Structures are given as C-alpha cells and as structure tokens.
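A quick write-up on the structure given underneath.
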Amino acid sequence: MDPYFEFLCRMGDNTLILGHRVSEWCGHAPVIEEDIALANTALDLIGQTQMWLGLAAEVEGKGRTADDLAMLRDAWDFRSALLVEQPNGDFGQTLMRQFLFDAWHLEMLKGLTQSCEPRVAEIAAKAVKEVQYHVERSSETVIGLGDGTEVSHDKMQAALNLLWPFAGELCTPDAVDDAMHAKGIAPDLTTIRTAYDTHIESVMAEATLTIPDSRFAHKGGKSGFQHSEHLGHILTQMQWLQRAYPGATW
Amino acid sequence: MDPYFEFLCRMGDNTLILGHRVSEWCGHAPVIEEDIALANTALDLIGQTQMWLGLAAEVEGKGRTADDLAMLRDAWDFRSALLVEQPNGDFGQTLMRQFLFDAWHLEMLKGLTQSCEPRVAEIAAKAVKEVQYHVERSSETVIGLGDGTEVSHDKMQAALNLLWPFAGELCTPDAVDDAMHAKGIAPDLTTIRTAYDTHIESVMAEATLTIPDSRFAHKGGKSGFQHSEHLGHILTQMQWLQRAYPGATW
Amino acid sequence: PEKLATFQARIDAGDKIEPKDWMPEGYRKTLIRQIGQHAHSEIVGQLPEGNWITRAPTLERKAILLAKVQDEAGHGLYLYCAAETLGVTRDELTEMLLDGRMKYSSIFNYPTLTWADMGAVGWLVDGAAIMNQVPLQRTSFGPYARAMVRICKEESFHQRQGYDIMMKMANGTEAQKRMAQDALNRMWFPSLMMFGPSDAESVHSEQSMSWKIKMNGNDELRQKFVDQTVPQAEYLGLTVPDPDLKWNETKGGYDFTGPDWDEFFEVLKGNGPCNTERLAARNKAWDDGAWVREGLMAHAAKKRSAKMAAE
Amino acid sequence: PEKLATFQARIDAGDKIEPKDWMPEGYRKTLIRQIGQHAHSEIVGQLPEGNWITRAPTLERKAILLAKVQDEAGHGLYLYCAAETLGVTRDELTEMLLDGRMKYSSIFNYPTLTWADMGAVGWLVDGAAIMNQVPLQRTSFGPYARAMVRICKEESFHQRQGYDIMMKMANGTEAQKRMAQDALNRMWFPSLMMFGPSDAESVHSEQSMSWKIKMNGNDELRQKFVDQTVPQAEYLGLTVPDPDLKWNETKGGYDFTGPDWDEFFEVLKGNGPCNTERLAARNKAWDDGAWVREGLMAHAAKKRSAKMAAE
C-alpha cells in the first residue's frame, strides 16, 4: 500500500462521492437558485475528482485513468469518508453534510497548497477557491435554517445530531495521514481539527444549534475497512454504463 | 424477431421485474405477516421467472441461460409491462399494482394451461396455483384497505387512479399476442380482458373504489419500444454483480 | 384604439416594447403564457436529463451534463424574471405549473431510457428548441428578446455537445450504435411535435405573429428542422424512422411523415408517458421545500429587524 | 417461597414450564426480555440481508436469499407468539424495540458490504446463533423451547447455504476470493461478540442458568464456536483475522484473541456502524404502516358487525 496513492484516492473519492450525492438533487431543490447552486457544487466536486484521481492514477503507474478509478473499483477500494456516503435526506440534512465536509475540506486544501508535492499544491490552489465559496454558501444556509423557524431549527438540529458522528473521521489521523504529514505532502490533521472545531462551533452558535456532547466518531470509510451500506448502492448507479459496456468510448 | 421467444420473455420479465419490486419491501412492511407474504410472493415470482426465461433461452437456442437473460440484457431488450416497473409507492400502491397484475396473470395462466406447447402448459399449471393464492391475498388487501378507514380508502383510490392507465397494456393484443393466439400457444387477450374487467370491477366495487372513467392505456413496455425510466434503475441494482464480475460463478 | 394603433406601429417599426410601456391586455396575457410555459419547460426539462447524471459514463460526461442541467435552471430563472416584468410573480407561475393550469413543452413527458438519449435530447430537442427560439431573439418584448439572446447562445452549445455524444455512439461499438438508433427512433416524432400542430389548426397564431411574439409558422419551422436534421442523421449513419422521408427537389426540402397528432393531444391532456411523474416530481420538490423557503425567509426577516434595531 | 421451591424442583427435574403455570416474576421478566430480544433480532436481522436481495447475482441465489429472509420474519413471529404467552403483546414489544428500551443482537448493527457478506452472515452469524440456540431447545419454558426446535432446524439450513456461498467465492475468481476474505475480516470479531461478554462480567447469568433460561456460559460457547469455525475457514482457504490464533493441545481447543469489548459496548450504546439506520428503518416501517394496520382493522370490524347484523 502506497500511502501517497491512498491519500490521493481519499481526496478524490470524497469529492466523487459527495459530488454524486449532491447531483442527485438536480431538478428537485426547494427553489431554482438552490438547483443551480447544488449543480454548481456538484460540478466543482467532479472537476476536483478528475484532478485528484488523475494524479492518483499517474502515481500508481499501472496505466489506469481517473475514469478507471471512478468507474471500475468496487466499494472496498474506495477511500471516501463515511460522511460523504450518507444519504441526502431532506435539504437541511444535505446542507448540514455539505457544511461539515466543506469546513474540513477548506482547511485541508489550505494546508495542501503548502504541500511539498507541486502537483498537490497546484490542485489544492485551484480547488480551494471553489471550496471557499462552497463553505460560504453551506454555512449561510445552515445558519439561515438553524436560526429560521422552529420547524427549520428542529430539522437542522436533527441533521446535526445524525451527521455529527460521521464528522470526526475526517480529522482523525491514521497511518496514511501520519505518513503524508511526515513527508510534507499533507498538513497535520490534528491542527486541522482545531481550526475545524472552531469553525463548526462558531457557525453552530450563529445557527442556534447545539453540537452533540460526544466525540464518538465512526470510522472505516477512509481506510476502506468498513464503508457504509450506501456506497455499494451509489456504485451500482455510478458505474453502470462502464460495467455494462466494458471498453466502450463515450 | 421470433414471437414465441418474445412471448416467453414477456412472461418471464413480468415476473422478474415485479418480483424485484416486491422484494424491495423485505424488512419494511407494515406488519410481520406482510413481510412474510411479500417475500413469499417475490419468491414465487422469481421461481416462475426461472421457468419462463429458462424456456425462452432454450427456444432462442443461442446458448444463453435464464440468468443470462435476466442479468445481461439492457433495458430495451426487456419485455416487461409498464405496470410491473412502477415504483412501490406506499404499501397500498404496491398491493394495488399487485392486484391489477395478479388478476391478469391468473386469467393468462389459466389460458396457458391449455397451450398447445406442452412446456408452456406445464409451467402455467405450476404457476397458476401460486398465482391463485396471490390474487386472493392482493384482492383481500385491496378490499380491506379500500373499505377500511377514510384515509386508507383515499390512498387506495389514489393508487388506483395512478396505476389504472398501466393496466390496459396487459390486455391489449399486438402482433406477438396475435401470433401466439393463432398458433394456439397463448389465449386470446380480448377474452382475457373480459374476464379481467369483470374481476376488477367486482373487487373494486367491494373495495368501494371507483375505476377511472378512461380506457387510456400506456404502452411500450411489452413491446420494448419505450419502457419507463424506472426499468433502467432497477437493472443497475439487479445486474450489478454480473456486470461487475463477468464470468464468475456464484 | 389609438393607443393600440401606436403600439402596433411601434412593433411594425421594430421597436422593443419594455415593461413600463403601455401594452394591450391580450399582448400581456399571451406573453405571460408563452414566457411562463417556456420557463416551466426549462425547469421540468431538468428532470429527463437529471435522470442520467448519476449514471453518466465518464467524469467528463458527468461534468458536461451537470453544467447543462445547471444552465437549464438558469434559463428558467431568466425567463421567470422576464415574465415577472409583466406583473406576475414566479410563485404564481409555479403554482399554475404545479396544479396543471399552465403547460410545459410536451417533449419532456417522454422518458430518457439510455445514455444515447442524452445525445438525442441535445441534438434533436435542443435543436428544435433553437429553431423555435432563434427568431424570438427579435421578438417585440424587450426582456424576452434579451433573455432569448443569452439562452440561444447556450442552447447551441448544448446542441453541439449532444451531437458529439451521438457521434461517439454512432462510431462506437455495435451496442452503442444500436443505442443511438434506438434513441433516434423514439425521439424523432416527439421532436417534430415540438413545433406545435399544423398552422391550419393552430389557435392564436395570427395575432401573435402580428405582435411579433410568434415569428414563424409551425410548419415552416418544422420543415426547416427536418431539412437541417436529416443530413446530420445521415452523417451519423443513423436512419430516420420515417420510411416516407425523401428529398423533394421541387420544394428544395424533404417530404416527411408528420407526427401522430392524436398522441400529441393525449400528451397535452396529461397522458404522455411521464406527465404524472414529472408533475409529481416538481410538486414534491415544491412541497418538501416549503419549510426551507419559510426558514430562510424567517431568518432574513430576523436579520433585517436586528439591523434596523441596531441603526 | 414454597411455590418457588416447587418451581425450581420442576425445573431441576427437567419439566417444561407452561404459560398457565405459576412462575416467579423474575423468571417471567427475564424470559420476556430474552425472547423479545431474540424476536427483535430476527426482525432487524432481515435488514442487512434484505440489503442484497435486489443485487443477488443469480435468480437461484435471489430465491434462496428471499426464502431465508422470509424464514427470519417467520422466526420473529413464533418468538413474539412465545413471548405473548407470558402476558406481553407483540405491539408492546415492538414499541420497546422502536424506542430503544429493548435491544436486538448487536451483530445486525454491522453493514453488509459485498455479496460475500451473504455467505459470511450465514456461515458465521447463523453459526454463532445456532451455537447459542441449540441448547435452548432444552430450555425450561415450553413455548420457547418448542420455538427453538423449529428455528434451529431452519437456521442450520441457512448456515449450510451461507457456507455454500463462501465455498463458491473461495473457489472462484481472484476478486471473489478477496471478497470472501474481506467478509471474514469484518465479520469475525463481531461474530465472537454474539456470545456476550466474558462470563466474569456477565450479569444475570447465574440465576438464568439455574432457571434453565440460559444453558451455557458465554466463554464456553465462544470457544466451541471458534473450535468449530477455524477448520471451516481453513477448508475455504481463508485466514481468520487473528494473528494469535493457534491450536492449544492441552485444552484441546484454540487460543484466540477476544473481540474489542469497547467496541461491543459502543454498539450496545447505539454507536455501531448501523444502529441508527436499522432503528430508523424499523421505525419508518412501523410509522408508514400505521394507516394500513388501521385500515385493515376497520374493515375487519365492519365485516364483523355486518355479520352480526345478518345473524
């Protein structure tokens, strides 16, 4: 296992799977502006996926492409965090998931712009601008709905309670993260966690939402040991055409 | 196009797709007895699929198996009626779909027991006993819910309104049906329609439900010309493993 | 009547009518109906293509399709804004869509069944839409004409992308070729329907023409579409599903079979393959979104009053 | 106290206690909890396997899996009936499941991620269940013991089917072998947890043993399971994910690493990978089904009163 390849798959699989989830909203959002914004977010994430998985495929050096990685791996070879695999639920749950991811994504990408690997720094520099915008939007929406009506507040609190145990995985370092940090490729996740916690706390305070009093964090997504049951269902859709018509050009 | 092969695919694809739909309920029914009954119905339908598609594959004579037909055709080669592709909706909608299908299925199978093709008659004789039970159950449930509370009545009426335009396809003969009837393989669909209409009318009367005043019938499923968008999504699930791991033995 | 004459003279002179200008009630109503239907078509039009976003075969195709569907929502937005200048709100228009008082283009009541449909929708449906819309860039109502300029530019981009998908399929494996032909078989006649019934049977047409809300006859545009599209199909190596199609040297265009107008009117009545689903999807989106719209409005109101209190 | 002594004497003599017999409150309560949890486990246990019914690789495998899940619902039904003889209704038990007052087997809080999991669940989970349940065929409460006889027969059939899936995978392609090994890696320790914490830490055990509600110690059964399963894994060519596993000649069994009990207690607390989803799925089924249950009851009442009126 090459930790650099693993790391790049983590970055790309997160954006791929979250992009897929967000794209499920197309045509079904509460207002047109949100349809546009969600499609735009999905589009950015898929674009970032092309860069991360493209680099991963190069680093692997087995002649695979970004599309091969996206379309021809089974669930166990994915390195997406559990958070991004979670179902959309209602619009509030989708935006809560988005914010919990965006806040981490932003800090991570900021750190990665300083990577000793120029290709990583370059991708991060491109992505960080998009993600800066994502986090502005998702935090505004979480605040607006959290501090909106009683109904919207309760739904957002329920979404936070549901998704909170999936946020911790993003910031919990493992051997791959440690190796990446040691090599100067990626930032220290414990530092990211501090910034992440501060960011989450301030947004939730403004949103009048209470962060659950538990640090329990599910794990198994980014290591690939134990994904959610959702991932397999995502793949049946996502990979359908490539699996059904192997070798075709689209 | 061999009409006999087409006809066998219609029989087998109907039971396959409806079996798939019904099996989606597993573990999610309103009471355990219904979980058991739905699983049992799905099981019968999958068993019938094995027989119909097994015979279809033999008749085709290209070395394909029932599993090949089920797992390796794309949507356009399916010959399922639009009715069986429709989503489950709520429990009432599922049972309404089931009854609208069962009532046709029973008449059709009764007719097929008289087929000049002994293999067809044999499969029909086996299936008709199971379907006799299916129609008893589904009609009882439609009656119970139609003539239950106001809420259940309204839901069943909505289900009937929604699904009624998909029932007609089953009884509307086309070139394949005419050829099958002419050869003595299958009964005349216009005769079946008479029995079907009578059956539906008597059950709906008992269920205090009003049959929509329209004979408009969607078509395109059994001919394969234009399925519903649902079928493709069903196949992404149903065929996943065979597509992802071609040639493996399970 | 004098006002009316001046109004017609302005139109005849090629002036643009602006929202604050006087206009006859019929002009206003017809425009609201037309722009509203067009806006609804963009919104509902997200659904058949949205159906394939999660199944797009490559990351690149997924991105292109996402961008396209996003553009459609954007078009819907411009058009609702154009309609709003006529004194109707977006929510009013939306409610009329949702309860069936207003229509959207019947083409979106057909299902998208294979990836080739993403090509065929771009090539044929956007192609037909452009044919309808290019002349509307010169329509008499200013906001509508300006929206059309922007929309047409993007639509022709979409059409090229659609044709590109068809090219890939038509030059691909046997299965892909078959997929492409199947898509053309299903989409051909519904695309011809997009120009509306024959002029002889079309209502409102004459008045709309003189107001420059409608710029061309339905049959004329349909002929133009066929003449443009048939060579494209030939180039793809695909067969237009019309055995009577043939070049007519005398008229300098193709003779072709018209669509099944009974089917067209069934679709208008709600009996298209997907009418129920499309409307159900939009109704669900609207109903499920109510708490979100209310929540965000409540928050905005809180912020406004906090700001006022601070001032 | 005299009654109690007679009761204990009957149990010691191997008599079956029947619902109408006198029994201590503790016996009744413990049984309700145990049978109820067992019933809930069957019901919740439909979900992880139900997750793969629509993706089963062949028609035959789909049929087998459907039959299995149907059996599980059936087991749930017998067990609720057995519990009902103790004076609690199925609806009461269901509500206790749904609001978290009663538990179900922690194993069902783990996800099923590949088709090999359908094999591993049958082989390991049903294997462990049988190991727990076979002795319960001799339990002191009649209805429970009889339910167990029927259930054990079906469970051992399921276990063989599961092992058969594993055989196909282990003798299949490289990918299938990897899938089988991956399933074993994930399911091994959760299966060991199914016997409960070490006897030293287990509450209620002693009293339950003397009442013959519990027939064996947890560690004893766990050892038996390991001893039975390891050679089966070897036969499949799979590696049990425990580097310290080794045969101990002296004790005539394997030495093995126990599961991570912290994880076990987290799962019990609700922090297993799928606790939230499983309970949400059951709650949704129950809530969404309310109108159905009410409708059918209303209809039954109408029929009864019509019948009475006719008599």
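The letters A, B, C and D name the chains in turn, as written, and every chain counts its residues from 1.
The working rule: contacts are C-beta pairs under 8 Å (C-beta built on N, C-alpha and C of every residue); 3 or more make two chains touch, one makes a residue touch a chain.
Please read all numbers here as calculations on a predicted model, not as lab measurements.
J.: Indicate the lowest number of steps between chain A and chain D, counting one step per move to a touching chain.
T.: The distance in steps between these two chains is 1.
J.: Name the chain whose C-alpha centroid is farthest from the C-alpha centroid of chain A.
T.: Relative to chain A, the chain with the farthest C-alpha centre is B.
J.: Which pair, B-C or A-C, has more C-beta contacts?
T.: Comparing B-C with A-C, the pair joined by more C-beta contacts is A-C.
J.: Report the inter-centroid distance (CA atoms only) between chain C and chain D in whole Å.
T.: Here chain C and chain D have centroids separated by 56 Å.
J.: CA centre of chain A versus CA centre of chain C: separation in Å?
T.: 35
J.: Using CA atom averages as chain centres, what separation in Å is found between chain A and chain B?
T.: Taking the average C-alpha coordinate of chain A and of chain B, the gap between them is 41 Å.
J.: Using the touch rule from the top of the page, what residues of chain A touch 2 or more other chains?
T.: Chain A, residues with two or more chain partners: 74, 236-237, 240.
J.: Which positions in chain C are in touch with at least two other chains?
T.: Residue numbers touching two or more other chains: 55, 175.
J.: Does the chain-touch network form a line, ring, star, complete graph or other?
T.: Graph shape here is other: it fits none of the named patterns.
J.: Among the chains present, which pairs are found to touch?
T.: Inter-chain contacts occur between A-B, A-C, A-D, B-C, B-D.
J.: Which chain A residues qualify as touching chain B in the complex?
T.: 74, 233, 235-237, 239-240, 243-244, 246
J.: Note which residues of chain A are touching chain C in the complex, please.
T.: Interface residues on the chain A side: 16, 19-20, 23-24, 26-36, 39-40, 42-43, 46-47, 49-50, 53, 66-67, 70-71, 90-92, 141, 143-145, 147-149, 151-153, 155, 237-238, 240-242, 245, 247-250.
J.: Quick one: in the complex, what on chain C touches chain B?
T.: Spelled out, the residues of chain C in touch with chain B are 48, 51, 55, 110-114, 175, 179, 182, 185-186, 266, 271, 273-274, 276-277.
J.: Spell out the part of chain C that touches chain A in their complex, as residue ranges.
T.: 43, 46-47, 50, 53-63, 66-67, 69-70, 73-74, 76-77, 80, 115, 165, 168-169, 172-173, 175-176, 281, 284-286, 288-300, 302
J.: Which part of chain A faces chain D closely enough to touch in the complex?
T.: Residues in contact with chain D: 74-76, 162, 165, 216, 218, 220, 225-229, 231-232, 236.
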